[in-house]
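Okay, so chain A shows up in both of these, paired with chain B first and chain C after.
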Partner chain A sequence: MHSIWTRANAVFAFTLSVLAAMTFAAFLTTAFNDNIAPVVIKSSNAQVKNVPNYSANRAKNDLASLNFDIQVDVSPVFNWNVKQLFLYLVAEYSTPLNPLNQVVLWDKIILRGDSPVVDVSSANPKYYFWDDGNGLLGNDNVTLVLRWNVIPNAGYLPLVQASGSHTVRFPSNYITGKF
Partner chain B sequence: MDGLLNMLPESVQKISSYMDFNGQKNAERIFQVLIVLHGIIGFVAGFITQQLSIAVYILGFGFLLSCLVILPPWPYFRSNPIKVRALIAVYILGFGFLLSCLVILPPWPYFRSNPIKWHPVTGAPAVEKVEKKKKK
Partner chain C sequence: FQEDPIRTGDITVFKIEGRDIPIVHRVIKVHELQNGTSKFLTKGDNNQVDDRGLYAPGQLWLARKDVVGRAKGFVPYVGMVTILMNDYPKFKYAVLAGLGFFVLLHRE
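Moving on to the complex of A and B:
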């Protein structure tokens, strides 16, 4: 503390320590939030094809297509410790070959400050809905759920499921040709 | 850092920024209080506005304010000038301590001129003595 340089060093280092403590306190204020919001999911026009999956094992697997609606308002999830949310729609179902399948059909990033209302209607999946095998034909318990990952400014990243889901029933006949 | 300082012009390098010991103590106390206070105010303001940036800006302002108050050697921090004669006495005492360490800590040959006469080391007598004790 005898020269200006040592004083500058001391002040700066102390400021960084206080900043760390303040950031930790900010994390504590949001660590116990449940980050859940309600969602309404609908679907229509569910169809299944049976075609070779060249990116997997070249056997004929089920390829599904459907239109879905998503309505959710995620504004209660945002707080001073949230940088952005990563939302994704998952189709969960079970087949004789695999007890649990989870396929992501659609995702979206919402930054803090963007419009928190999501109103997607009659959308196609962003990613292919392949099954490992032929378990989607006539499957009447495919559940669509919306989940999100909360990306904070400080602390861990909670993964939560919105309240509300939707069950899709696939027909018992394959279709041929284009979807 | 020293290299950077040497690049400054001579007139700037000669500026003295010392504070006496009491001034240093006060300076440390002042910046600790200022920065912690701004940290708390920033946290509360950030929580109310739900914006982390507000909290960090207020802390940053506290940092700049502290710099302004305690970096320059204001006269307030030079009101208890260091007593140079007392300092010189301390330095001489310290030098004497170091000199003594140099003279008596290492095992110089001078301190080994009367070697200790240990008993001769032979195997049998020591072992016999131990065995006698065991038989008893």
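Moving on to the complex of A and C:
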């Protein structure tokens, strides 16, 4: 029980056990945070077109455009166990064809150490706002919510919704031509 | 957990038919029909474009059956062992040789 190999083996196994216990402890320190912060979302200039969707099935679907503002300060969410936050703005709505739709319009990665204040104004969606069908025309209950995924050094990956949302109403007429 | 519906923001593990390697990406679009079936679109967080280029030819959306799991947590560095083994096959052979050596020579 005194050869170098048995000693090395014992040290290595103990190191692994200690590392596992420390990782678990790190996870426990932040497992019960609620990670919420308030956000202000505004929008303007909501419009809808009905055009063929060439990136999908070529059928004519509703394509929406709008300008939105987001103001949020996520510094209360950061702690020593947070590596980064992935924020995303989701438009949720229902149409006669699909009772539930969620489309991500914008996202942002904030690393620990980056400025935690997000102040986006009059921005266009980063990703095309297609409906799978024609349900955005005249839809007056499209809710914009901001959510984030807390990416830890060790532990759960919670999805949290910020407090505060905004409802967008789309007009009942399509526009033609450019947005 | 399997019954939880898939929503945007979820990080899903999905397999494309005909391809072995599963992909772990985030859901960015969900459209759900009256009968409960849904279609999703995914995208890697740091990628510029969505995953339609990775799906099977002609496939535009993912269905519930393509998803084999969801990422719920993160443990640092544990995957490095597999990556090291794949990137440096000589290291893998050395470890296997070492283990074989140890098993053959261990007394008691």
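Things to note:
As a working rule, the second predicted complex is superposed on the first by the 170 of 179 C-alpha atoms of A that agree within 3 Å, B and C clash if a C-alpha of one lies under 4 Å from a C-alpha of the other, contacts with A are read in each partner's own complex, and residues count from 1 in each chain.
Note that a contact is a pair of C-beta atoms (placed from the backbone, for glycine too) under 8 Å apart; a residue touches a chain by one contact, two chains touch by 3 or more.
Everything numeric in this text was worked out from a predicted model, so none of it was measured.
Residue contacts after overlaying the shared chain place A:Asn153 against chain B and chain C alike. By the touch criterion stated above, A:Tyr88 is placed in contact with chain C alone, chain B being left untouched. When the two structures are aligned on the shared chain, A:Asn67 is found in touch with neither chain B nor chain C. When the shared chain is aligned, chain C comes close enough to touch A:Val103, but chain B does not. Between chain B and chain C, it is C that contacts the larger number of residues in chain A.
By the touch criterion defined above, A:Asn57 lies against chain C but remains apart from chain B after alignment on the C-alpha atoms of chain A.
By the touch criterion stated above, A:Ser165 is placed in contact with neither chain B nor chain C.
Legend: residue contacts after superposition of the two complexes on their common chain; A:Asp132 is shown touching chain C, with no touch to chain B.
The contact surfaces that chain B and chain C form on chain A in the two complexes overlap at residues 5, 153. Residues of chain B that touch chain A in their complex: 1, 5, 17-19, 24, 27-28, 31-32, 35-36, 39, 42-43, 46-47, 49-52, 55-56, 59, 62-63, 66-67, 70-73.
Interface residues of chain C facing chain A in the complex, by the touch rule stated above, are 7-11, 26, 28-34, 38-39, 45-46, 50, 52, 60, 71-76, 102. Interface residues of chain A facing chain C in the complex, by the touch rule stated above, are 5, 23, 27, 55-57, 86, 88, 90, 97-104, 107, 109, 127, 131-132, 147, 149, 151-157, 159.
Interface residues of chain A, counted against chain B in their complex, comprise 1-5, 7-8, 10-12, 14-15, 18-19, 21-22, 25-26, 29, 79-81, 153.
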